[in-house]
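Each structure below is given as structure tokens.
Two complexes come next, and they have one chain in common, chain A, joined by chain B in the first and chain C in the second.
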Partner chain A sequence: MSRITDMTDTHNWSGQKLVTADHMLFDAPREKHFMTGSEVLKEAIKRCTVDASVSYPITPQSEAAHLIGELWAEGYVGTYFRGENEFGVMSEVAGCAMAGARTVTTTSGPGTLRAMENFPQWSGTRIPCQLVLMARGINSPLTIQPDNLEVSFMLETGCMIWYAENVQELFDMSIAAFIVAEKPDVHVPIVTVVDGFFVSHTRESVMLPADDIALFPYEPYKSPLPPIDSETPPGRFLRDPFVMKSNYISYATHASWQWEVRSAVERSRPYAEHFLNGLVHTTGNEDATIAFVTCGTASHQAKEAQRDLEKQGIKTKVIKLRTIRPFPTKELLAALDGVTDVFVPEFNVVGWLEKEVKTALYNKHSAAIVGGPRVAGGMSMPSEAIQKEVFEHINGKGA
Partner chain B sequence: MANQGPAYYSPYPAAVYEGVITPPEGKALLLETVVDEEVAMREIAKVMLTKENATIFPGPQVLYGYNEEAKKKATLIKEMAEVLNAKMIPMYDYRPKYPKIDAEVEINPNHPNLTIWHNNIKAAIFIGVHCHYANVALKMVRCETDCYTVAICGLSGHEDAMATLRDQHSSELEKFIKIAREVKSELKL
Partner chain C sequence: MAIDIYKINPEFRDIMPKEIIDLEENATWAQNQEKPRGIKELPETKEILEEHSLCAGCPEAAALRYVLSALPKPEETIIVNSTGCTSLMFPHIALHTVHSLFGNQNAVATGIRRVLDWRFPDTEKDVVVLAGDGATVDIGLDYTLQSFFRQENITTICFDNEVYANTGGQESGATPKGQVFKMAPTGKKFEKVKMWELAVTSGCHYSMNMTASAPKSVAKAVREAILVAREIGPTFLNIYTPCILEIGLSANEGLGEMKDQDKDRFASFKHVSPEAEEFLKKCKAEGKL
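This part shows the complex of A and B:
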């Protein structure tokens, strides 16, 4: 079993050489592998000197939590245990992180909602844990198809939200996520989202650095709140209590505290810019007047539609949002320069990304914004469905 | 009662929402402007030496001798207070104490304005306060008082202070004290 006392200045408890995130993500040589999203998440966690992971691995959505458990058995993860349910898991994640542990868990779908109360509590206590959300929808009858409705419930929790398109992005993002979340002026939880099934279960080519290197450990004494440590002032077995009195003073604290959590998310921008190589990625025809604004695997489908439309002489481009919180308004506006028509294809039924895009562009950009297509999980999003949306809009009537 | 903050009784807009974030490594912030550390140090010294009832608020990270760096910093902060002719009011811990706080002898991050109002403090340095509590306090002070706030931070700095220095360890505190002595001499104080 792993022990923190086995750490040295140069190597972690499992004997991996400690390296910076820049070395891990940009400089270390990589080799090609063929893996599912769940498997590649295991490989990412293996290289992150993770102190603790808590799981409730009943979901059929992904094997990720189970595979992180294997890492514990292999000596790469400090401690690993199962919660009694999803609420318990997220509460235990909070406890681990408050005590100074680099902590990760995974969830998806209804489990996310069962644990919901914990997420704003995580951000309010400024813990830098990572939740890998392999989105699968929350509706009944249950689905394991690639819906992503639960992301809409996470938007206002005060957590950062990043969205990976594919297996490669999941690997790189989930490593960078720890580093950005742990920056002292950020230090809020991070939710790394992928669309379940497409990414969690699909095997893709992925470039990985060697597994004999790992990130330097988390430094809890740089936390913006004191970690739970009775030896370090102000010594605590619990965090200082939140203010619950109903008076003017508690209002001021409550208000300031909330703005501080949101400010912390905003402070992540320059770090995310560096590690993600920009908060948005644009592909396709740079001078196109039609743009798809997407995240996750909808980006992949939109790129296919972009190529198909180009063959028909219609120029388009795909603007993939890599962060949802903070929302990349400035970068989106720059990418939309010259665009007259925006389409927002989504896998969910409510169109939460369309609402985000409309909010960001309101009174700032004159493009028409079309929410669709929305396939509401349960099916793929073929290029033809996206093209149909474009033709219907351009023709101004039904196709 | 002082009320020169941008939004009076609300901490919104927080500085981040006005486009100001923590300074990059090696730099400092003066209001909205990123400046060299030494420029900020000179301005901070000038403000502390010329405003009424300048006060240093040391937090738990320098009040308790839990490692050698903390002890060294504490000694330097005492020297800093002497050079700046500043009072010291400590922030021992972070538990809310309203309505029982003794504003003469203590400041608390959940109601820092009480201490600033009571003691009529026009300039203050926060040092050794954990970053979250410093930010919660600084937002309230910014909106509810006319106190010029300075955050001397061992980590990334604080954009809600009017002036902030980042990555400040004992060697940087020694540099600040040296600059403060020069400014004091220039001002003939």
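This part shows the complex of A and C:
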């Protein structure tokens, strides 16, 4: 175990040289490794000078949570323990972050819903913690399969939501996530999502910087709300506690604060653009009139379909959304220039991304939007299913 | 940092409200004390609780004043609260306090405790949970007991008014059997949960059941519980603060009700583990009590 007092101006408590996020993500030389999403998350957290992590077992995120525990045992993470259940864990994470810690936790599917009351509380208290959500289906019936239905429940919690497609993106995003969430003008929680198993358990080649460097520590005294550590003057003397009074102050406080939380998420855009190289990534035929709008591993499947369709003479492109909150409306509209037909393939039954896309494009773009193919419960989404959706739609239009 | 955070910037002194200046000049901060703080100073010094917005004569407000006057080191104390009548008073406390959700107080306090230990390894900081019986015994029971199991260095104080008062008088787990309240229109069907006994079984090193009828006793218990939590492990105080409104008493009848209950449901229960007992003896010898 380490002591925070071992940290110097140039090195953190585990002896890693402190570097900027730009150096870590863009400049530091990288070497090729072959690892799973869970393993790569350990490598990311190892390089982030993380103060605190709280864990709880649930498939498929358990391994990632174990590995963060190993980092604590090895002296890289300041404090770590297993909580009693996800509601407790997310409350413990809130306590850690309120007390001024760079804090990370992980969960999946049902755990997300058990903890749900905490997420708007996180954003309401403006803590910049990171939840790595390894998406999984939601009961009932019991399932552990990759399905991302729980993300739909997170959309209006006031947290930022980023979505990584693969192991490499999980590494880079989970590092950038701390930095963007901790910007004083943002300072809201961030949820970094990957699809369970498809990313958490799949071994891929990945380029990593050396592990003798790490991010500069979190600076809690730059927080828009003072950390709860008895080191700064407390706010006090509210003669009318606004929470309980049905008066104008109560309305005004709640209204302005709720807008402010959402504005803070909006203010993350320029930082996210910088660290993620844009909020959307487009691949395929630039001048295609058919586009797939995707996130996560559905992007990977759509890219395969794009290549297969190209062989048949049908030009398409894949517009991968990297942030869901804030939603990249402007970037999506630009990427859809000239597109007449949009397909939104998804790994969930409700089609939450389709709804997001339709809301963003309403009265702004004339393309037809098809919510499909849509698979759920962890069913796979082969290229053929995506192609079938395209053919049915196009033929249906009499093409 | 501690006491320095209460010193007013001279540039702003002329526009500061009197209560803030009083806080700097006349509050009983531990750092300014020769001997332990205590309720004796309440009449002459600036209290850490400015005002309160509870009902006239509410015993909970009095109990909170006793608790705050007895904190061994208020300038290094963080209090975690839950939803209920107590959350109405928290905005008036001149310390770092947290209101998070209903029932998660011991989980939030755990996170704070762990991180304070990590960030300030050489500074004694106290974490105190203060919540009602609904938060402690019902909705937050899991998190309360789990923090005891984990041996968190936290003091948990339950202001037990035996009812969900702030929501309009519903039965809670701490309500005595047979009592008619809302949601128990024919009377409560099971016994009052003996949280102070659960605390002992779950690993608390100091557990008391008492009323707030005797200010000195409350102050002594608070002080001992916090010192034990700081050094040894979790501690628990269950303090009867009746909801006079819900049991049909007048503003001047709260004290009488508590005195009556000193002999009944809140007859004194005190558990001190052998380690805690030895530690408290040492504290006494050193003049900390």
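Here is the rule we go by: the second predicted complex is superposed on the first by the 383 of 399 C-alpha atoms of A that agree within 3 Å, B and C clash if a C-alpha of one lies under 4 Å from a C-alpha of the other, contacts with A are read in each partner's own complex, and residues count from 1 in each chain.
Assume contacts are C-beta pairs under 8 Å (C-beta built on N, C-alpha and C of every residue); 3 or more make two chains touch, one makes a residue touch a chain.
The shown structure was predicted, so the numbers you read here are calculated from the model rather than taken from an experiment.
Trainee: Given the touch rule stated above, what does A:Val390 touch, chain B (first), chain C (second), both, or neither?
Mentor: A:Val390 sits against neither chain B nor chain C.
Trainee: Who does A:Phe87 touch here: chain B (first), chain C (second), both, or neither?
Mentor: Only chain C is touched by A:Phe87; chain B is not.
Trainee: Check the residue A:Asp51 against both partner chains and state whether it touches chain B (first), chain C (second), both, or neither.
Mentor: second
Trainee: Regarding the shared-chain residue A:Glu231, is it in contact with chain B (first), chain C (second), both, or neither?
Mentor: In the superposed model, A:Glu231 contacts both chain B and chain C.
Trainee: With both structures placed on chain A, which of the two partners, chain B or chain C, ends up touching more residues of chain A?
Mentor: C
Trainee: Looking at A:Pro270, would you say it contacts chain B, chain C, both, or neither? Reply first, second, both or neither.
Mentor: first
Trainee: Go through chain A and flag every residue that touches chain B in one model and chain C in the other.
Mentor: 226, 231-234, 240-241, 243
Trainee: Spell out the residues on chain C that touch chain A in their complex, using ranges where they run on.
Mentor: Residues of chain C touching chain A: 1-2, 5-6, 17, 19-20, 50-51, 53, 75-78, 80, 87-101, 104, 107-122, 125, 142-143, 146, 150.
Trainee: Using the touch definition up top, name the residues of chain A that touch chain C in the complex.
Mentor: On the chain A side, the touching residues are 3-5, 51-52, 54, 78-79, 81, 83-85, 87-89, 91-101, 103, 117-118, 121, 125, 226, 228-234, 236-244.
Trainee: Which residues, counting only chain B, touch chain A once they are in their complex?
Mentor: Going through chain B, the ones touching chain A are 9-12, 14-17, 21-22, 24, 60-61, 63-64, 66, 92-96, 98-99, 110-111, 113-114, 130-133, 135-137, 139-140, 144, 155-157, 159-160.
Trainee: Can you tell me which positions in chain A touch chain B when the two form their complex?
Mentor: My answer: residues 126, 183-185, 187, 222-226, 231-234, 240-241, 243, 245, 247, 249-250, 252-253, 255-257, 259-260, 262-263, 266-267, 269-270.
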